[in-house]
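One structure is given below, encoded as structure tokens.
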Amino acid sequence: MNTTIAEYFLSFDVFRSFVSRISLWLGTDVTPFIVFMIFLLGALVITLVLATVGGFGTYAERKISADIQARIGPNRVGPYGLFQLIADGIKMVSKEDIAPKTADLFLFYLAPFLAIFGVFSTFAVIPFGSGITLTDLNVGVFYLVAISSLVGVGVFLGGYASNSKWSMLGGMRGASQIISYEIPVTLSILAMVLLSGGMSFGQIVGSQGAFPHQWFLFHNPFSFIAFFVLFTGALAETNRAPFDLPEAESELVSGYHTEYTGMRFGLFALAEYVEVFVVSGVAVSLFLGGYNVPGEEFGHSLAGQGAQATVFFLKTCALYYVVIWIRWTFPRLRVDQLMVICWKYLTPIAIFNLVGCAVWLVVFDGKSMFELFFHH
Amino acid sequence: MISLVSYLAISLLLFFIGLTLMIARKNIVAILLGIELILNAAALNFVAYSRFAASNIDGHIFSLFVIVIAAAEAAVGLAIVIHYFQLKETIHIDEATELRN
Amino acid sequence: MYVNILFLTSALLTVGCAVAMLIARNIMHSCIFLLGTLIGIAGLYVTLGADFVAVTQTMVYVGGIVILMLFAVMLTGGKEFVSRAQKLLGLIPAMGNKWSFGIAFLTSFVFVLSQFVLIKNIVKGVEVTKEAKPFVSTVEEIGELLLTDHVLAFELSSVLLLGALIGAAIIARPRKERVAND
Amino acid sequence: MDYTILSIAPIFLAPFTAFVINAFFGKKLPRQGDWVSVLGIGIAFLFAFRIFIDFYSTYSTEYYIHKYFTWFDLSYGENLFKIDLGIYIDNMGAIMLLMVTGVAFFIHLFSTWYMWGDVRYGKFFTLMSLFTSGMLGLVLSDNLLSMFIFWEIMGFCSYSLIGFYFEKEKAGYASIKAFMTTRVGDVFFLLGILAIWHTVGNVSLPDIYAAIANGSFEGHTVIGISLATFAGFCIFCGTIGKSAQFPLQVWLPDAMMGPTPCSALIHAATMVAAGVYLSLRMYPLMVAGGLTPFIAMIGGITAFGAATIALIQTDLKAVLAYSTISQLGYMVLGVGVGAYNAAFMHLITHAVFKACLFLSAGSVIHSVHTQEMPEMGGLRHKLKFTWIAMWCCTLAISGVPFFSGFVSKDRILGDALYVALHAGQGFTYMIPAALGFIGAFLTPFYMCRMMFLTFHGKPRDQHVYDHCHAEHLKINQNVPLLILSIFTLGVFFSGSLTGQGFVKIFGSKNEWFKVLVASPTESLDKFAYYTREELGWSDTNEKEKPEHSEYEHQSGFAGPNHENHEGLHHAHVEGAFGSIIIVACSIFFAFLMYIRRSIDPARFVNMFSVWVKALKNKYYFDHLYIDVIIQKGLLKFNNALAWFDMGIYDRFAIDGWEAVSRVGYKSSNWFDRIVVDKIGVDGTAVATNIFNIVLRLIQSGKIQTYFIVLIFMLVTFVAVLT
């Protein structure tokens, strides 16, 4: 099984001979350089693709919300209003960049970059396919959880540095919400780590299969519950409705990014939309079988890689749709309810799931429910 | 190019800065910041020695425990700071002299 | 080569942010620079092959401690305040100005020097392996060590964390106003 | 059957768990948690039944279950000194468990009807569960210490249940009286346990039997009495207290203040049965201590005295209470005359019919809202089922043939007669036997009197009669009564209709009760070689099932010296026929007096007026205890002690010491002022002050200053080191 893009390419003889011929021609071994270039290119491509996906996120959100509310939604720019996001992008870039007079300018400028940094750093480990992964860290999931907590700092600083009451309250809510919900999310992820026996995405996805009965979602009752805990926690961590208290329009104008304009606001928005995509992708990889397609040999070929990426994107987009659907369906929570849900319900349930998964592994020798039912 | 000494130098610098921060600043939170730096310097040393001068990775374990202790210390310390602020409306370290008189 | 680049970047980030932390007047900025330092140290851990420690460092410090610090700073006023001049015997000035920095600098320097002198022999005694070991995953090994050789420390630290959790919650909980009868 | 601790422990744990659940969550449960208690005792019954079936199918006197673990061990060298806790079930225990769980189950069931609507309905069931579990624990125990613990749990429960209606002052006093009176016996019991523990080194039953068989008790004396006698006496005192024997019988009649189902439980299955059960368990010790004549005497006096008091009671429950004392007297008499088997049989049969009697009485009382028999009469038209059940039990307690009371009681009387006349024991057993037979005459009389007054004749108080509703079959009112009354038939216990082997109906196991319950004295030798083996909780310690029953038909009589089987049988026949005649006369007499009214009871009252007065005052025992012993004796003694304390100790010792200390204090005052104050204290203060001025310079209160000082100290240290 391949783990990174570079290794995937190097597994083809054509590519290897090509590299060695260039090395001969230059008189030095260029393999590391080529590898580096592949990484650079891959990172660029993935970042661009995901940024675009984030952009389309806004479009999807507007379209779907319009559909839910029996409206038409954006339909002016391009076919079906598809180019709306380009128009929005141009508008944002060309807007004047205003900073409040009393703001802490250093932090004010830093905050959106921290948020976007935290989100984009997670791309390094997201598995789009068995060969389309930037790097398959052996602490992949852990890394993802750790680095995405930078977003919390960004949100908090954005709220603090604006020197505005709305922003301040939004930032505080955001930070406390993110660090609180990190606990049930991490515990749910840990349960999956237990099941697969490793923290790398490659291993976690690899120990599942293409068909639903091989997914961790249906591995045992505890993992089934864990998925919903993770999904709820992820909604809260990405500040999505019904947990969008940090940017509650009715109370806080626009929350922590009230004072931001132009591209800085755009960065915050992009970070949010991309993070939703990332979180959906993580949920897909952990519970819904990830990029798995039927057939070992097929998966290795180039067409297989395409199929894997397609499967992954389809599943992720389905979850993305659910997220948007939830946003336009459920009312917002109160702050105390938010904390109660996290500390009194989700965390104990997540701990219970973790212990339950461990017990299941010991008692049933790691077999899933289906294996037990159809055991011969 | 990279050797044990480079890590030791960084760790020494961190320790030095942390100690200075701890002594010089009057804000209790700043003192806690200094303590974090000192703890990190120590943890870095552990890991560096573990890589360059030992055959096992016990150093990693030690630095993990250092992180744990830092977390506990930060939580309790900041709780004390906040409570102190509620009482005195200041977190100036020199005001915290109740035990003197 | 990449390791060297990473080392240099991390070292610069670490030291630069640490110095900035020291000289920043605004305590909020100090906290942010602390964040930079900690991420830099995580990078250094990566160059040392300590992947698990690096990620743990990021997780605990970035996700927890720094945000706690920011909260604490915000809840306690946030700005660096001017220290009142208090002099002990007219000799040791109150710190928080250039004098205090000078004193602190000197003290730290002397201390570090003395420690250096003290551990000089020990450092010499350590046999430094010439070529660095290959990078291997440490996760499994750490997991195994934590549950075998270091299980007591592991359990004790969990107890410590629980104690800290409860202690912090109790100390920082909002007090009711005292009844007026006393 | 393969026993583990899990197949036995639920007998105790199920009611106990019910108690715990009810105690903590009872108020939140539907119906205040009564079903938890009923369910708990029901589960215990199922387990007990399983064990009983096992013992019955094994059919051997050698079969027993013994499991234990060592609680603590203070042995040193050869001297054993430890406590083993465990479970010991032999045939007797299995029968006892079945009886207790079964009877208690029906009592619980009945209580859900009787107590329904009471203010403390849930609390009642909580206590009943604890009570039952205490009794079951006592039966399961293999040693005296845990028996004592459960014994005391029952004492506490009886205290709470008797004082259940603590709004009534009398109920409160009655509960205190019951508790304090049984306490007297308990103290002796504990003393007996200590004596045995000290000698044997362990208090588990097989060890005690083994010690008796090995003769370990011989040669030891306590205050001039041989140890076996002393220990046996002390433990028998426990029985006297718990089973309300003469002279500690005073608490039981007052215990009627509690709710009727709890009276049923106390009188039938649990509390008083525990006392007799204890003396049966310790029977070898009683024999070894030569206490049997004493025991027989106590039993005879109790059986007779209580029966006489019952003659004149007008309270329905009081009659039953005195009849209980009287029947317990028979059991103790049985122990005394060596009718081990018959005494235990009477314990079981009595438990069944007395529970039924009390529940019937409860049914009557609940229906008519009075306990006074003169206000009742003619109730048989309204309370048909109760009437049938109660007559069955009355016939059983009277000793009418074909009923269980005849089987058991007449075997006791037969043995008593044999010991008195044929066994060559002389005069010793004559009085108990005679008292027993007079009691046997009185018993049917007062029981039938009760029945006639309550159910027959014309309604004496029309208001009460009209108030009473006609009864219908109801699962928790009269169905338990009818079921219990079925078991008053002698067939279930004897296998033959009379218990004397006249008419046998069942097959090979027709005399199972007589065969299975064998006195430990007969097989005491097997305990002599009882080897101790430590067993874990989950192990089984079961005897191999014997190939066939090695038991030949043999009387249970094993106490005083006897060999004469022929004479024994003869005496039994004599006793049986004698008692049938006596019972017939007695019932006829009661019929004449209370139905036909051809004999006026007032004539007898006038004839024995002094005696009747004594009966009304219950032979003046309450006066004796309260007025004489407590007020004249204990209070006087108290006053004397108080006088000593105030008059002598206070005046001379305390006041004298005051004068001495006054001188001392004057001299020390001077020393204090000049030496200590001036030189010591002030001088130190000056010195401290000087130091203070110096120390204040570094004690700035600033942490960072301390820190700097600390660092420079460290640096100096390093400099010195290198």
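Labels A, B, C and D are assigned to the chains in the order they are written; within every chain, residues are numbered from 1.
We adopt the following convention: a contact is a pair of C-beta atoms (placed from the backbone, for glycine too) under 8 Å apart; a residue touches a chain by one contact, two chains touch by 3 or more.
The structure displayed is predicted, hence computed values, not measured ones.
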item: Where chain C and chain D overlap in contact partners, by chain label; value: B
item: Pair joined by more contacting C-beta pairs (B-C or A-C); value: B-C
item: Most central chain, judged by mean C-alpha position against the global CA mean; value: D
item: Chain A and chain B: spacing of chain centres that average the CA atoms, whole Å; value: 33
item: Interchain centroid distance [CA atoms averaged], chain B/chain C, Å; value: 4
item: For chain A paired with chain C, centre-to-centre distance based on mean C-alpha positions, whole Å; value: 30
item: Between chain D and chain B, distance of the C-alpha-averaged centres to the nearest whole Å; value: 70
item: Touching two or more other chains - residue numbers and ranges from chain A; value: none
item: Touching two or more other chains - residue numbers and ranges from chain B; value: 22-23, 94
item: Residue numbers of chain C (touch at least two other chains); value: 52, 56, 64, 71, 86, 95, 103, 107, 111
item: In contact (per the touch rule at the top): chain pairs; value: A-C, B-C, B-D, C-D
item: Sites on chain C touched by chain B in the complex; value: 3-4, 7, 11, 14-15, 18-19, 21-22, 27, 30-31, 34, 37-38, 41, 44-45, 47-50, 52-53, 56-57, 60-61, 64-65, 68-69, 71-73, 75-77, 80-81, 83-84, 86, 94-96, 100-101, 103-105, 107-109, 111-112, 116, 123, 126-129, 132-133, 138, 141-142, 145-146, 149-150, 153, 157, 160-161, 163-165, 167-169, 171-172, 175
item: Parts of chain B lying in touch with chain D, wherever the complex brings them together; value: 22-23, 93-94, 96-97, 99-101
item: Residues of chain C defined as touching chain D within the complex; value: 86, 88-89, 92, 95, 103, 107, 110-111, 114-115, 117-118
item: Contacting residues of chain C [partner chain A, same complex]; value: 1-2, 26, 28-29, 32, 35, 51-52, 55-56, 58-59, 62-64, 66-67, 70-71, 74, 137, 139
item: Touching residues (chain side chain D, partner chain C) in the complex; value: 697, 700, 702, 704-705, 708, 711-712, 714-715, 718-719, 721-722
